[in-house]
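Quick heads-up: structures coming right below.
In the two complexes below, chain A is the common chain; its partner is chain B in one and chain C in the other.
Then we have the complex of A and B:
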């Protein structure tokens, strides 16, 4: 510690190491909270249900998503990325997941929301298997921290069904 | 800075930084503000820099006793041997 440069270097290195440590502890503190999110989706209308010229089915839906994700936010949360996926089984694939809508929730105040919308992304099947198909709508989310590990989880909502015939 | 001063500077640096880190973390946690934690810690780093990095007088309270110049003259450095070696190795001093 005999010179200015030596002391400045030692201080800077130590300060950054301690900073990394408190960020790690801050990230760990996220595991101490137990979130209790809720969500509900109503399918209001099937706008279109056709077989495309290339042979794949396509659906256009209007739905109302309402959710309360406020308990996911901690002091270490930057934003929550949320998306709604339709999940169903076909003879060809044991699991199909099609993302219909997504959004970014920037803060806790915005996390108790509802949205009335058509599907943001196209609901297209690999094949022609959607007539009369039962499907689940699953709300997935990724909690993006300010520092540390990202956590992802979901809520599965069952009981949705597509019509037997095209319209 | 003398030896005691260097040790003091190192100890002060470590203690103040850790103390500020602890205060910053708990303040941020209780207030629910990550930004507050970083601001308090940054303030702590600046304060520590001001206290420990410059060569303050209180770091020099036990100064080294260098040999007095009048006493040093009575014991001259060996010059003759140094002169012959320096001719052979011209660039090295």
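Then we have the complex of A and C:
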């Protein structure tokens, strides 16, 4: 009843239980904060807008993203993964989401940023529906905790439009 | 008492009852673990509620050895979600992020493309030849939460199976050779609800 093995086993079980409890509380503390992020995207130029040989439209664009995501960081945050997606509807598809750019914000200091870039991933449609198309640019973020539940949310920015003709 | 009584008395002195008790408690441990696993499968709705991260393709978010808790709901798949999927011909599930979604108008099929955060290219090179998109039934679950480092036990046991056999052998040896009462105390500490 009081052998070394028995005590070691009891200690280990207790330690693991307490550790799991602490992780759960840490994760719960994330739900208590209310973030207030802001963002703004300007499309500077449509560099290329063509129909590919296989029939799908492709766009290449240059844009400015400025955002302040500092309020998303808590003490339990490891990093925030942020990406910008173009979202639009076509006659065939009720929703299309194409990620144009993504980045990793490792800490709160880097969360207030401004970048000027072309799209990191190819903006290709399923089909040829992009001429004159209205689309939203949505900034999505995914908060990865040091332990526990992950949170994701987004800001939708509307009012962008592709040109009527290829160029 | 007579002859029958004497035989019955000597029969009881052999520790068969003790061995049976030990075998039953061992079986109880194994079945409890199985019940918990199956219950998790029901609660999360995914056929594999916990997975271990095996590659560095999602660093720095998920390191090798982290475990991910999955869930699966009927909600449509959206860009940004971290999903776990299996590709035909590869037995190991892959945990990557959805970067493209095209959902059909009739509220039906979605075609998605995934990519690991730390990879240069998207996952089309991993899909079987001729397959450009992943569908809903390729996806086993969405990552909902994670615990760091805990998965190393599984990785070590998979990559060096010797350790798995040693561990199981040692546990079995301990259970069988230790005295029955000590066993029950150990089980009382670990599974208080059953006593």
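The rule is simple: the second predicted complex is superposed on the first by the 166 of 167 C-alpha atoms of A that agree within 3 Å, B and C clash if a C-alpha of one lies under 4 Å from a C-alpha of the other, contacts with A are read in each partner's own complex, and residues count from 1 in each chain.
Simple rule for what comes next: a residue touches a chain if its C-beta (ideal position, glycine included) is under 8 Å from a C-beta of that chain, and two chains touch if they have at least 3 such contacts.
All values reported here derive from a predicted model rather than from experimental measurement.
Greater residue coverage of chain A by touch, when chain B is weighed against chain C, goes to C.
Within the superposed three-chain model, A:85 lies in touch with chain C and out of touch with chain B [touch as defined at top]. Contacts of A:25 after superposition: chain B is touched, whereas chain C is not reached. Of the two partner chains placed by superposition, A:110 touches none, neither chain B nor chain C.
Legend: residue contacts after superposition of the two complexes on their common chain; A:10 is shown touching both chain B and chain C. In the superposition on chain A, A:146 contacts both chain B and chain C. Once the two complexes are laid over each other on the shared chain, residue contacts for A:51 go to neither chain B nor chain C. When both complexes are aligned on chain A by C-alpha atoms, chain A residues 1, 10, 146-147 touch chain B in the first and chain C in the second. The residues of chain A lying in touch with chain C in their complex are 1, 3, 6, 9-10, 13, 23, 27, 78-79, 81, 83, 85, 91-99, 102, 104, 106, 121, 126, 140, 142, 144-150, 152, 154.
Touching chain A in their complex are the following residues of chain B: 1, 6-7, 9-10, 13-14, 17-18, 21, 24-25, 28-29, 31-34, 37, 41, 45, 48-49, 52-55.
Those residues of chain C lying in contact with chain A across their complex are 60-61, 76, 78-82, 97, 99-105, 107, 111, 115, 117, 122, 143-148, 182, 185-186, 189-190. By the touch rule above, chain A contacts chain B in their complex via residues 1-2, 4, 7-8, 10-11, 14-15, 18-19, 21-22, 25-26, 29, 74-76, 146-147.
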